[in-house]
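By letter and in written order, the chains are A, B, C and D; residue numbering begins at 1 in each of them.
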Amino acid sequence: MKKTLGALALGLTLGLSAPAMAENVKVGMITTLSGGGAGLGIDVRDGFMLALKNAGANNIEVVTEDDARKPEIAVQLADKMIQSDQVDILTGIIWSNLAMAVVPSVVAQDKFYLSPNAGPSPLAGSQCHQNYFNVAWQNDNLHEAMGAYATKEGFAKPFIMAPNYPAGTDALTGFKRFYTGDLAGEVYTQLGQTDYAAEIAQIRASGADSIFFFLPGGMGIAFMKQYAQSDVGLPVLGPAFSFSQDILGAVGDAALGVKNSSQWNKDIDNEANKMFVETFQAEYGRLPSLYASQGYDTANLIIAAAAKADVKDADAFRAALKEADFASVRGDFKFGNNNHPIQDIYVREVVKEGEVITNKIIATAFEDHQDAYAGECGM
Amino acid sequence: MADPVLAISELSKTFGALKATDDVSLDLKPGEIHALIGPNGAGKSTLINQVAGTLKPDTGSIRFDGQELTGLTVAERARRGLGRTFQVSSLAPEFSALRNVMLAVQSVQGSSFRFFRPVMRDTSLIEPAMAALERVGLADRAHLPTSELSHGERRQIEIAIALALGSRAFLLDEPMAGMGPEGSKKLTDFLDGLRAEAPILLVEHDMNAVFALADRISVLVYGRVIATGTVDEIRADPEVRRAYLGDEA
Amino acid sequence: MTIALFLEQLLNGLQFGVMLFLMAAGLTLIFGVMGLINLAHGSLYMVGAFACAVVAAWSGSFWIGLVASLAAAAAAGAIVELVVIRRLYTRDHLDQVLATFALILIFSEGTRWVFGSIPLYLDIPTLLQGTVPLPGGSRYQLYRLAIIGVGIAVAIGLYLLITQTRLGMRIRAGESDREMIGALGVDVATLYTVVFALGAALAGLAGAMVGAIQSVQVGMGEPVLILAFVVIVIGGIGSIRGALIGAVLVGVTDTMGRFLLPQAMQLFLPPSQAGLIGGAIASMLIYLLMAVVLALKPRGLFPAQA
Amino acid sequence: MANRETIFNLAVALLLLALPIAANYAGEPFYVTLATRIAILSLAAVGLNLALGLGGLVSFGHAAFFGIGGYTAGILASHAFSGDPLIFGLPGTKQMIVIWLVAMIAGGIVAFLIGLISLRTAGVYFIMITLAFAQMIFYFAISWPAYGGEDGLPIFVRNQFPGVNTLRPLPYFLICYALLAIGLILFKLIADSRFGAALQATRQNEVRVASVGIPPYRIRLAAFVISGMFTAIAGALFADLNRFVSPSMLSWHLSGELIVLIILGGVGRLFGPVVGAAIYVLLEFWLGGITERWQFFLGLILLGVVLFARGGVVGLIAGRARHG
């Protein structure tokens, strides 16, 4: 079964790339492979490499380097890849602050940048650029979806919380863009905070009917474990980041029942996704996360564009990228005027399948959703 | 009679239950050597440290040239002309003897905030420093790091520093310690001449030196001054004999 | 804001402080006895958490994991002391900072090598699940009360160890005069290894207990390390009593600051602005506390004898 | 006085100049960027070396000055870009020289304020209180939204220097190299001056310095302020190198790294920071290219240096330091 699927997909991809013999493309991947948050970078890289393997795309050469989550190292690596390795395309960055450091100077040097994860608002709006493509989401998207879902589900007093840094304020702004009712409270925690007893006490005392929070990485794990122990018992909403596959194992049963928003899940029903999930598990022995799916889509976008145009012909290649003529694991995928995705966003619930804790899609929050900054972009 | 240069009055300092300095009053007149003697632990160094400013007294006053010293830092007292040496020599160990003395010279010139001219080519620093080292007989050892010099030699550097400061009173804490008989003899002669420049408050265990040099002696026992007087008066003082010799007579 | 909420937050501050104390106690002990700045203390905390998570997952029992965390951290501490740290006692603080900084890199990357980047699962034991009622109608998590209990027990235990036992006598002697106890025939090298392992075990215990309600992952020790340093500096380095009081002070200041400042800001700012600015000031509050304490008492609240 | 250390220093200075120029003409501009990074970190560490090496002040918070320098460049450039006035109607600027001056003044003022309180303490307390102040500024930068917070602040086009095309790697390297050279010359002059003598004596024996009438606190404060100014300029250069500023320039890791550079090279040695920065940056680059586990091996190497190469690399090669 697995083999037939693989062969089928291989055939499909080959079929796609048949018309023009694909030109060589050199891709520089700068991602986080060591230090805090390395799991996300590893997933993006693994997803990306898997796509190349599945497609047999040996015309695409990848140089991978570790940014250790430090902006200045990421900038240095970008310089190296452009000046020394002479790459055509850069990709891989996980964090908004690193993207803000790298992307403007990369695109100013006429290279392409494809973001597999970060989508800071300036790059979607006033500082958008024709050579910058976001294959994941604009940062606010998943939070907006949760705001819309909270409205639809009739929550009347959510308590909302995020760390005190730009992605955190963007998260709460995004939520409030689609949830305009009363709030039981709005709290900004410290970045890197690990103890949430004080916030949980405030939630308990606030008379909230639900909680929306954005706490990426270890912060989210800590909050969920402590929240589950507190017997507060209100429904929990959040973006996918705190409930992605790489984190669920560490949260354990405490995460069960949580609703979270994502543009992807492993149960989205299409051929590309089936093959992705199957081959990812076979290759790496674990379930893929949404980061892996984004890396996978990014690679497939490059493969598809390279089949249509020579990367040295920037205008043609840009047009090929913009068409986004590839089989996304998310199903429908297209770029808006600002080169950010227009896509469906789902609501997932954390469930237990056998012994494995994972997500299941229960609703669609948005169809063909575009980010709020597209209007500020001059393109 | 001339006013005292240094006047200590009713000075007290306790460490927990220990009275290290107990209502001490003494003074230092121009041109004299005033020796401070007493058994170990009598509080001599504690007293010197309070005068120099490294320790704060609990009560009492110290006047120097008619001005109250209380509240001034060590550095401020030094700049007013109190030159001290330490019981255990205290120098910058990586520096040569010369550079240690040069520090005092630059302090006198009030010029430690000069950032560009190399000191080792600055004759206005080197010459006075060498002169001071010459006076204490260390000119030929001037370029050695102080960590390579003997105890006695380090003592001499400290005195050279006090000289280079142009001190108007010296506080010398056991300058003879660690010196051989010949060195002590030389230093005794040197101090004998020094008193004409500025008076000396001398803490010393070497009684030959004390009796040879002192114009007046104060005896400190358990933080209290039990007697002050000339050499002969002190030799005859029954309380001193009792304290030192256990003499019941 | 009700009195009950205020009290609960005070309890949260106390609990946070006790947690910091578990971490700070080992740090201050090691500094007091050996005069060593150990930046790698956070790594031992991480070792404890990982050992507990792995063994608990394997054995199915948190308690066996807890024992394993003590053993693993103590063993890691002893090995580090024997191989690296004992060469540093005679060095200045600068070399100690660099060497233990290097140890952080080795421990963090080494742990990632073995366990990967994905956080591990560790839950609190069934016995301590759930909450208990508080006066005023609120509820408080049982496990957090247990942490407070363990912290107090460790404080008493350390007090007894130092004042009542032979080892404690030697530790006190070591604090006041290093050469002397050697001259008196105490095997200083072994004493130091034991003290270091003891400090490490305390860090491991903290890591395991905290790991159960936070996230067991590489790098978890660093934020706590900085806080622990703040604690012992406020308390006076080398003083166990200072560490306890410093820890509670930091815990309460931090928790109450996070809780009260945004509310205070709401008096003259719109809620979301108040949250942002209040939160920003709250995150600087403990460092402000430390600066004020040191400005007034340059050697901390309870300076140990020099 | 052409002793071994002087010859070694000259060799290092020449290599750091010659290699990037050669790399540039060999069509490997990236190595120029790497050398620029070395020069800038060296300058930051030369600043720290003044406080730490000469004055014995182990500041674990120099990232504060580095970051302030960086933010000065970022903020001035962003105001010049947007045209919004800064404060009191003053405009931003894209002129590096102005930026450096402002960075120096800002770094100096903050160093003065931090030093005023911190220098009352000593030893480990000093290490920790400087860390605390840097952390305060770090958290402030993260949560203060006006200039990007955690996301940082991009400088879209590198700032300008009269008569030089700063956008190209080699000219920008030469600017940084020239500033490093000036920094080293100033360091040497200060070390040999009256102030330097007092500062070094303060490290060796504070009581002695006070008892010759020189106030150690004021000497240290002055040294700390000068040190902060050096490091702030380096921060401004670093911002322009990366065309980006972020709170990571303020993080305690950076303070630690600056200390590491100095110990690696040799504490108090004129070229200690340069040698340390060169080794550290090259190791990071070389190991990072070989393995994802590079931090592990970097740790092992650093540990080896502390345990077996006392006095740092300069000490290893040129022998123990001598004072006249």
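What we mean here is this: a contact is a pair of C-beta atoms (placed from the backbone, for glycine too) under 8 Å apart; a residue touches a chain by one contact, two chains touch by 3 or more.
Bear in mind that the values here come from a model prediction, so they are computed numbers and not experimental data.
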| item | value |
| --- | --- |
| Shortest contact path, chain C to chain D, counted in steps | 1 |
| Selected interface, A-C versus A-D, where C-beta contact pairs are more numerous | A-C |
| Most remote chain, CA-based centroid, reference being chain D | B |
| Whole-Å separation of chain centres (CA-atom averages), chain A against chain C | 35 |
| For chain B paired with chain C, centre-to-centre distance based on mean C-alpha positions, whole Å | 49 |
| Where chain A and chain B are represented by their mean Cα positions, the distance between them in whole Å | 75 |
| In chain B, residues with contacts to at least two other chains | none |
| Chain A: positions in contact with at least two other chains | 34-35, 164, 169, 188, 190-191 |
| Chain D residues counted as touching two or more neighbouring chains | 139, 142-143, 145, 293-295 |
| Inter-chain touch pairs (all) | A-C, A-D, B-D, C-D |
| Residues of chain B defined as touching chain D within the complex | 52-54, 73-76, 78-79, 84, 86, 90-96, 99-100, 102-104, 106-108, 111-120, 122, 125, 143, 145, 161, 165 |
| Residue ranges of chain A touching chain C (in the complex, touch as defined) | 34-36, 38-39, 42, 164, 169, 172, 183, 186-192, 194-195, 197-199, 201-202, 204-205, 217-219, 221-222, 225-226, 229-231, 246-247, 249-254 |
| Chain D - residues contacting chain C, complex | 52, 58, 60, 117-118, 120-125, 127-129, 131-133, 135-136, 139-140, 142-145, 252, 256, 259-260, 263-264, 267, 293-296, 298-303, 305-307, 310 |
| Chain D contact footprint on chain C (complex, rising order) | 31, 37, 84, 87-88, 91, 93-95, 97-99, 101-106, 108-110, 112-113, 226, 229-230, 233, 237, 276, 279-280, 283-284, 287-288, 290-291, 294-295, 298-300 |
| Parts of chain A lying in touch with chain D, wherever the complex brings them together | 33-35, 65-66, 68, 70-73, 75-76, 79-80, 83-84, 96-97, 100-101, 104-105, 108, 120, 164-167, 169, 188, 190-191 |
